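Going by the order they are written in, the chains are A, B and C; count residues from 1 in each one.
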Amino acid sequence: MYANPVAYIFSCIFVIFAHSAMLVNIWFNGNFSEPRDIAILGAAVIILDIAYFVAILFFKQMSYVLDFLLILILNMSVIFQSCFICKFNIKHYITCIVCLAASKCGYMLCKNHKLLQDKKKYIYGGIGILLMLVLFVDLVKHDMWIRIGSFTLQPSEFIKPLFVLACATSIADQQKKHKILCFNVVYENISLFCLMAAICLVQVKSHDYGSLPTFISIYCVGFILRICYPKAKFSKKKLFAVIAVIVVCLLIGLKYAPEYVQHRLHVDIWSDKTGDGYQQSQALIAIANGGWFGVGPGRGFLSNIFAFDNDIVFATVSEEWGLLYALMMVLTIIIITAVPLFNPTRSYYHATMSSCIAAAFIVQMALNIFGSCNLIPFTGVTIPFISSGGSSLLVSGFMTGMLMAGQSPVFRENKASQKNKKQTEAVPAWRWKE
Amino acid sequence: MNSLNLILCAASIAALDICIFVLIITAYCEKRSSKKNWHELAHDMELAEKDKIYDLGCDEVLIGRHASADIRLPDLSVSRYHAMLTVSNGIWTIKDIGSKSGIFVNGNLIHETVLHENDVIKLGNRRLIFRKRRQERVR
Amino acid sequence: MKSIKRTQRVTSIIILLFILGMVVLVLKIIHESSFYMMNSDKLQLGYVYDRKGDVLFDGTGNGSYPDNHFLDVGNIIGDDKGQMENTIVACNLEKLNNYNFSDGLLKKGGKAAIYTTLDHATNRAVFDAYGYMEGCVTAYNYKTGEMLVCASLPSLDVTKGYENINSFEDGTLWSKTLHKTVPGSTQKVSTVISALEIMGSGLLYSKSYTCNGKYINQTGGNIDCHNAYGHGTQNIQQAFENSCNPFFAQLIEDNDLPFERLKKQYEKLGYVLNGAKSKYIDIDGIQCETASTTLENPYEFKTQWGCIGQGDTLVSPIQLMMWESAIANGSGKMTMPYFIDHVTNTRGSVKDKAKTKYSDKIFSESTASAVKQIMLTNGSDKYSYLISGYPVGVKSGTAQVQEGAKENSLLVGFVDDPSFPIAFCILIEDKDSGWITTEYIAQILLDNLKNNI
């Protein structure tokens, strides 16, 4: 299974090399008060690198490139987050380890789609429970988070991977049409739409408008891929109809959005520098202050501003490490989502899953980056992997695990369903001569 | 900002660049190896017609007359979406997905069946043979 | 296979859209970065120079200058303290900041600077000539549009801070050249332009009206002339030289001057009529108010008084000066003034080099040459001794302000010399409080400009 040992060894070396270069930069450029802190940070990062490289040997996968990308970006984020506070960020470090574990869980869970398809009702159940939890938390505490010690969990984040799975597992049943009155109806489509509507309603109810676009994008990608299945061609009529419906829904949504949402859409950050536009204007000033190569790790002023480590993390990284480095960081995340393009998945199920995850990651990233830079209204979503925040990292790790599953799939039916199938022995009657 | 800072920043950007580049190369290496892996998983089978060979590249292969089908058989006796080949545990199964003329495997009209090596599949007027993939240099 | 390729296509479209967004974002950030930086509290401002390299504003705060060195340009050059918003520095802070995206904010050695077209020596001389009196002077090159003089009294030395801001006199913190004031008889230039444009010079010169020192118009309004004995029967040239109010009142009433066309022509000149929303002329980011007046009925006192230069009519000195350029150029197009000749970036390379721009045509060439002739004749008849050595075309004016309690003296004009193309506007507030006259200031202005540029 370890088919490319040379490539893997080189990957290991260069991942460590990239992290070391960052650490060297901190050593000479950084604003750490004690060299001991840098030593701890360096040791932690390199040890985690090596430990993970050893750990993945126990997983027999066809492809490891996503593992390398994941450890690369996670340790980058550990270094970033440590620089923001000028000492080793142990909390983020632990969260990253949890994220790595979550990725492996995701991989184990999703690599065999036949298995998951039989357990579909558990996915729907899980989403239902989480939605109840979101509602419950909102009603009781008027909040989006559950706090356990110093870690915070956001239940609505966990709906994302389950929703991706729901989209992907419903693919196979797409062909089972049922006739109700004179309409050909696919139960899966209806249930998925209801699920989507329920998620949207709950999100609106709990005032979490930030993650709405992510869900909508997952659903759109899932839907576009489903309506054409198994036909391998886009039906243009359907596509345009879907786009028209989405646009109309968006317009209606914007028209009747609550006042504070409307206000956000029209705020001019420069005329309201100290009020609503504070974070964004400070973020833009920080990017301008950083220039191409940054002011040096830990020397930025943005780390004094609220939400520097999640909502405007792009600007914080950009100030301390330079715009070029921030762009490279974004590129790394793009490549994680683009791995299925280099190396196509072997089943439509995994391909759908990969596309949905790519949509989720990229929409989140776009909302965060463009929002903090005043291209679109500011929402409080996180950049996957980079932003601090337990649930966000955990879910990002899990979803990367799902991408890994697409790269190293297993096609095996579970024994129960295999027994049910009648094995018809085909008797060769005649041979076709060549 | 002095020049040392600039050089170090540029160096760490370059290191990240190189790392990403190496990982992309790794991804390409894996593309080849995972293709090999896939053939192992799928028992290295292919569909062959008189002068054409169809690769079975994923776990669900659609056969039909429509331009969008994975294996396109431009013959009026074949339905637009005729049959679906699926694999699990390395076993290939053929399934009728609402064709008009039906599927004959080794002469028997079937709805769904497991395929074995050298089975002959008849879809309309077209005959396909399900066989072990041949090495390219043999041909 | 094909179906898998489709999912790849969807993914790649999403990624491409995102990358496109990132490209837009990066371009936007690079393009607007200096604007962002301007909004931060960390600024490293450079210098503002006059046309000869004399410092008009020192953003570094390190240089030492004679006492009141910046006094004469205080309220047009301004500073970055935020007390004055309509000044060259405040409106162009972005250009003055020693920042660009690749180099970052330069703590020292940055060469960002604004090179203005002002002439500090002349400005100073004119400023000093006012003595204790107040008012403003503005002058520019009507061929190129370079602003040469822009002084407004009272003014302030920005280096001295704003601790005693409460004791500042009214009008210290803004340049009077940019703000509307009562034009007095200088308004008659606009009325003559309009009449010429509508009637043509043949018809206008054939008109003659009688002034008895007082004229009762068709609706019973009383138009007084400053000469209580009357000027007798005059043509347009004589009336212009005499600045005769009854003549112009009768001209407005004349049926050969259709009122609708008069209003159109006034709007073309840039007047905002009858309380419509006011507009601004943009000069390097500085906003200059445009003229406004009330024109309702040609037979009413208010309208006639407005065309004579009292009543509701208000014009800024800069706009009065710009009309002179359209006359002096003979083209009927105003030369748009500018303060900033060029700016240099942090590395000292020149950018944003100013170009001469013209307005739309506001009146015809024949009108321009006829008005020019009238003004030049006025200049040679009445001002050749007062402003000696220059072929000037001028119009003076006396404006009553504060309901007649005070009188302001104005003088607009131009020098008809291709090698010395200067248009100017001079305002002396409360002229009876001192001995200086607009002609005296004009003489000093032109002499200094002649010597200094």
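Just so we're on the same page, a contact is a pair of C-beta atoms (placed from the backbone, for glycine too) under 8 Å apart; a residue touches a chain by one contact, two chains touch by 3 or more.
Treat the numbers as computed from the prediction; the structure is a model and nothing was measured.
Once CA atoms are averaged chain by chain and compared with the all-protein CA average, the nearest chain turns out to be A.
Centroid analysis (C-alpha atoms only) places C farthest from subunit B. Counting C-beta pairs in contact across B-C and across A-B gives the higher total for A-B.
Taking the mean of the C-alpha atoms as each chain's centre, subunit A and subunit C sit 59 Å apart.
Note: centroid distance subunit B to subunit C, computed from Cα atoms, is 77 Å. Centre-to-centre spacing of subunit A and subunit B amounts to 28 Å, using the average Cα coordinate of each chain.
Residue numbers of subunit C whose C-beta contacts span two or more other chains: 1-4, 104.
Residues of subunit A in contact with at least two other chains: 230, 232-233, 291, 295, 344-348. Looking at subunit B, one finds that residues 1, 57-58, 60, 62, 68-70 touch two or more other chains. Interface residues of subunit C facing subunit A in the complex, by the touch rule stated above, are 1-8, 10-12, 14-15, 18-19, 21-22, 24-26, 28-29, 32-34, 36-37, 39-40, 42, 99, 101-105. For subunit B in complex with subunit A, the residues that touch the partner chain are 1, 4-6, 8-20, 22-31, 33-34, 36-38, 41, 57-60, 62, 66-70, 81, 84, 87-90, 97, 105-108, 110, 113-116, 118-120, 127, 129.
Remark: subunit B residues 1, 57-58, 60-62, 68-70 touch subunit C in the complex.
By the touch rule above, subunit A contacts subunit B in their complex via residues 1, 3-4, 7-8, 10-11, 14-15, 17-18, 20-22, 24-25, 28-29, 62-65, 68-69, 72, 76, 114, 175, 230-233, 291, 293-296, 321-322, 324-325, 328, 331-332, 335, 339, 342-348, 407-409, 411-413, 418, 423-424, 426-432, 434. Remark: subunit C residues 1-4, 104 touch subunit B in the complex.
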